[in-house]
Amino acid sequence: MHLRVINPNTTRAMTDLIGRSARVVAAPGTLVDAVQPTMGPASIESHYEEALAVPGLLEQIALGEAEGVDAYVVACFGDPGVDAARELARGPVIGIAQAAMHAASLVGRRFAVVTTLGRTTGRARELVDRYGFRDACVAVRACEVPVLAIDGARARLVDECRRAVQQDGADAVVLGCAGMAELCAVVGDEVGVPVVDGVAAGTVLAQSLVALGLRPAATGEYAPPPAKQMTGLLAGFEIRADAPVAVA
Amino acid sequence: MHLRVINPNTTRAMTDLIGRSARVVAAPGTLVDAVQPTMGPASIESHYEEALAVPGLLEQIALGEAEGVDAYVVACFGDPGVDAARELARGPVIGIAQAAMHAASLVGRRFAVVTTLGRTTGRARELVDRYGFRDACVAVRACEVPVLAIDGARARLVDECRRAVQQDGADAVVLGCAGMAELCAVVGDEVGVPVVDGVAAGTVLAQSLVALGLRPAATGEYAPPPAKQMTGLLAGFEIRADAPVAVA
Amino acid sequence: MHLRVINPNTTRAMTDLIGRSARVVAAPGTLVDAVQPTMGPASIESHYEEALAVPGLLEQIALGEAEGVDAYVVACFGDPGVDAARELARGPVIGIAQAAMHAASLVGRRFAVVTTLGRTTGRARELVDRYGFRDACVAVRACEVPVLAIDGARARLVDECRRAVQQDGADAVVLGCAGMAELCAVVGDEVGVPVVDGVAAGTVLAQSLVALGLRPAATGEYAPPPAKQMTGLLAGFEIRADAPVAVA
Amino acid sequence: MHLRVINPNTTRAMTDLIGRSARVVAAPGTLVDAVQPTMGPASIESHYEEALAVPGLLEQIALGEAEGVDAYVVACFGDPGVDAARELARGPVIGIAQAAMHAASLVGRRFAVVTTLGRTTGRARELVDRYGFRDACVAVRACEVPVLAIDGARARLVDECRRAVQQDGADAVVLGCAGMAELCAVVGDEVGVPVVDGVAAGTVLAQSLVALGLRPAATGEYAPPPAKQMTGLLAGFEIRADAPVAVA
Amino acid sequence: MHLRVINPNTTRAMTDLIGRSARVVAAPGTLVDAVQPTMGPASIESHYEEALAVPGLLEQIALGEAEGVDAYVVACFGDPGVDAARELARGPVIGIAQAAMHAASLVGRRFAVVTTLGRTTGRARELVDRYGFRDACVAVRACEVPVLAIDGARARLVDECRRAVQQDGADAVVLGCAGMAELCAVVGDEVGVPVVDGVAAGTVLAQSLVALGLRPAATGEYAPPPAKQMTGLLAGFEIRADAPVAVA
Amino acid sequence: MHLRVINPNTTRAMTDLIGRSARVVAAPGTLVDAVQPTMGPASIESHYEEALAVPGLLEQIALGEAEGVDAYVVACFGDPGVDAARELARGPVIGIAQAAMHAASLVGRRFAVVTTLGRTTGRARELVDRYGFRDACVAVRACEVPVLAIDGARARLVDECRRAVQQDGADAVVLGCAGMAELCAVVGDEVGVPVVDGVAAGTVLAQSLVALGLRPAATGEYAPPPAKQMTGLLAGFEIRADAPVAVA
């Protein structure tokens, strides 16, 4: 089984971190690699950056399909481009917000999300609703640390997770950024409830879906997009009869 | 007051149609223009195309800000890139799905959405939920006609709208595609309940928000994105200190 | 276009205030007048008063229909009698709670309502639910100032709006009383997020619906009521074959 | 214990029917009487009529308070004026829609409402939501028979109830009109699931609340309304310091 | 009419208390007795104990059916085994959580539940959702006193109820344990809003359903279970053709 | 890693089937065994049988804890006793309804449940709500075949699944009975959308949680139950200081 974890931003250190985190939890016999786009923002902390990360993400899906990848994990907590990616991929595509929330709801009854900047909590709540966890999610909190600085801000992250447990009554915590992946264990030790990293959760859930032989229906919402002309800078992204996506 | 309606696809005839539809309903003294991106898909009928339409849409927002535009209408029923656009714009940005649903819920009690292809109904339902109309929307129907062929498929559109009224009990119909704008009056005459076109609805609602002096809070979710490096094809879309967005 | 704003209480100063607020935002060419009933309570701060304000409101709708008014705004935050009014009127009827919530949800993501007396918050929450804003509305707060004293209580109103922003995370505020209309700008300046007055919002939204040519379906829930005998004090309010409503 | 059932319309035969239905189910020792207003519509089949029935209903509550009535049932399926009545009454006030839905949800898992005219289903659904039965209520159906003709339309009522059971999967039926009270047993025999009449349900639930010693909190939403001037036709309904309501 | 209140735990003093509380509110002519199982836990403070209380509860239902009991109240706030009991009983079965929440929502607008141990609040919230009171219930609080010690912890109970009123804005309080039944009046006096004990509420509601002649549909979800072999310790609990349940 | 799948009924052939289905999807290195209780019903098709299956299920959890099992799957679609089991187990416990719904919502947008007897659909819907899939689940259907006869009723199962796809618009189907496990592949081939068997889904999800190191919080709702006396037939199930559960 070949899983690919895609970091939708262009920061190499984060791609490496994500790859390590995914490989730790994969089953024996599962090949996991981690890639990043050739274009787009250095990190994703706004709707604007999320939108501009998607073309590069889709390029990586197209390349993965050519290589026969079995399933993908999109490693940004806004789950950018996941629906679009599903139209290109033959196998499952899971976002790390989706994966982490599913996992948290399987071990706890009321989870909290603890993320980076407050400005991203609107998107997080939107995903909570989309995935059906409105009742299960008791709070979305931000520790107000930028994505690329999160590694040095462990104490603030732990503090915010503790507040989620003590003030909101959370019995599980979802870490709201791929950059927090390697802090998961240490935060869990300190807060005393299960703490979920979406990169690891996405890896095992994608692996699970492949093991079950599940892939989106070939018709309907996630069918391949209709052949269509693409112009300007994005020429090269069109869908053609002879090649699902022809990335320049 | 200067309103700009942005067609997020690259089909000129559709941009012209959208501009006409918007100008019909604007108040005296409101200047309305219609533009389209320099890049992207010819029409939007999938998550994939929607995602790839957004960079060009954002480019148009950046250009509009340089010109002092007061408010924007995004004229595709998936409301692509609306949140990202709000981070760039000083004034209001409204999607036509959002606008049409708000208008429908102000004149009826139970509206139905009638859109183009069945594969887009998932996105339409997602927007129904996001905007709070889960109880107000009794059905999302598709007439299975592609966006660029809708003008010649009036009979199928009317049939589907009639089913919404007779079978689903809708007392208002929302047309689910910008390309249906000029069919609104004739469809309304035939189905006997109010029929709402989002291009017109977006125009008057954007105008309303400007008249009220309302614009998103300068802090919080829709604050300008942080300065950030952008690489690859999308270089030129970075946010800089001296210019909000520097489109190449 | 002829819009009529109806103050459902019998206090002349408030009718004048409401008229001024509405005219400020109306488009050129829109005639706006403001009226009040010949019967009913001096202000509305309970379910009891709201119920007794409705006959006088309906009387004004009947008079407006005789004059050919195009649309109505009901200027009390409980939106009293709006559904009944829709059965009498040919054009749109909007309540100011409905209008303000719609406008707030178009510029912010999470609005709060700040109203007069705590005893009215139950009705406000009921309207939040009815209009679909259960997720969008993060708080309903009261500043515990009576309707007719609100003009002298600006500081308390500003305090409560600030709490909505700082404690509840609201990024927009809806003012929960028609009597607050002229405080809207000053409160907005102080709290730093968009603040919405329902009288102004109702005016531009009613105007928008008329511009769109939208009016409730002639059949169904808002069809004219069946002809029916009315006895006692309320005789004169019956629906007759030759006149929709014969107000004594 | 003294219960009063108020028919909010002015048709004597219906008041008599309602009184009989209530007395059948009351416990030994409970005095039940049935009254009707001195003003208002002959029957209630629209929002308009519902609104104009409320002053007369409130008059009857005020008279009942003077007589020391312990609890009230409002016998119209739109539950008109119930919140206003709670502000005047010391004891509980229950609407028959509320009562019937509570009772149905205590014996079945998925109830349907079967009412008179289709135009009243919007109000019925609104009450379903208000009382928390959105998930429990699988359908709101109308048999399109006017209120005052329902007694002669038993077959159509039975047909519609059967459809609720067979097509909607209802395992309980709520009759959506006080005028259906005496049809309850016969309909129940024919459709094979529990059928609930709100007049009877309201009687036993009001009796239950009195037995429990429960009455609305003296402070808060249902506190007596503030003293207030009332003008015009409705003078006489003002709240005064020396008398809660002075009905002319 | 013969009502039976079943204490699902095996503590005699609690059974006695429950019987007294039920008899106080029953109507003249209603016979109320209180029983307890022959097996199971001494008190119920976990999912584990709740599960193990159910066989003994079902045994009591089977015995009651042999005696011709008309309706049952299950007197533990987790409403254990209520659906299973409904399949055995010909008449209504009500849990005290269900009963108390229904009663509270008939007199107040926003109730809070105050229960024993924090670990049981998950189950309480689940029941709030199941019964449709998600919007009506503003808080579920625990006073962290074990079930069998609640009688000596009146002050902590009152404190927690006061917080529900003052901090959560509750206008009614539901007591979350059968063991609190006799504290209901005194707590109500101290907190100033209606306080509901589920044992009393269950008694009057069960009595109400019998008076209405309502019992679950004989087909569908609550039909008698299919005849089935039962093995091991639970042999004797099988359903047989000649006897609904043959308890050893 | 040692996973245990518990068939909560006492039919050996079904335990064998469940074991086979689980082992097919487990990763290399994961030991999976399948067990059944020493007491309880031969199959589970009612609330009554579900309740009586739980003691035997809990006995198996207690035995598994003594053996050091890492995680459990409860292989009955009603997810009986799952919360109680979580209090006894150190590792994760997943029900097959929960597992199947999570998996379906990861590959499709709108799933349907197709189960055995119509009488069990109430419980299925309750679980849909509990797990947050109210919006994701478009229908719960029954093919009216008893659990132990399902293997010979493939055609009826396929028919019902097809109706879910064609009439309800489902793009994924959840099989609502452990006995359907080996029909999953063939049904999937016939209906053309992903079909999910909960036994397999539970196995890979339980395995995933163990790989992530996630287990319920040691405090809170799923903490070990308090030490407590158990009497009668169920003596031997008490929680003691020296042994978590002492099954006789």
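Note that the chains are named A, B, C, D, E and F in the order they appear, and that numbering of residues resets to 1 at the start of each chain.
One rule holds for everything that comes next: contacts are C-beta pairs under 8 Å (C-beta built on N, C-alpha and C of every residue); 3 or more make two chains touch, one makes a residue touch a chain.
Note that the structure is predicted; figures quoted are calculated from it, not measured.
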| item | value |
| --- | --- |
| Least step count from subunit B to subunit C, where 1 means the two chains touch | 1 |
| Most distant chain from subunit E by Cα centroid | B |
| Taking each chain's C-alpha mean as its centre, the one farthest from subunit A | D |
| Classification of the subunit C:subunit D interface as same or different, half of numbers criterion | same |
| Centre-to-centre distance between subunit E and subunit A (centres being mean Cα positions), rounded to whole Å | 44 |
| Mean-CA-position distance for subunit E and subunit D (Å) | 28 |
| Multi-chain contact residues (two or more partners), subunit B | 109, 122, 129, 134-135, 220-221 |
| Complex contact set, residues of subunit E against subunit F | 10, 37-43, 45-52, 54-56, 58, 81, 83-84, 86-88, 118-119, 121-123, 126, 129-130, 146, 220-221, 223, 225-226, 228-235, 237-239, 248 |
| Sites on subunit C touched by subunit B in the complex | 25, 27-30, 92, 94, 98, 102-103, 105-109, 131-136, 171-172, 185, 188, 192-194, 196, 200-201, 204-205, 207-209, 211-222 |
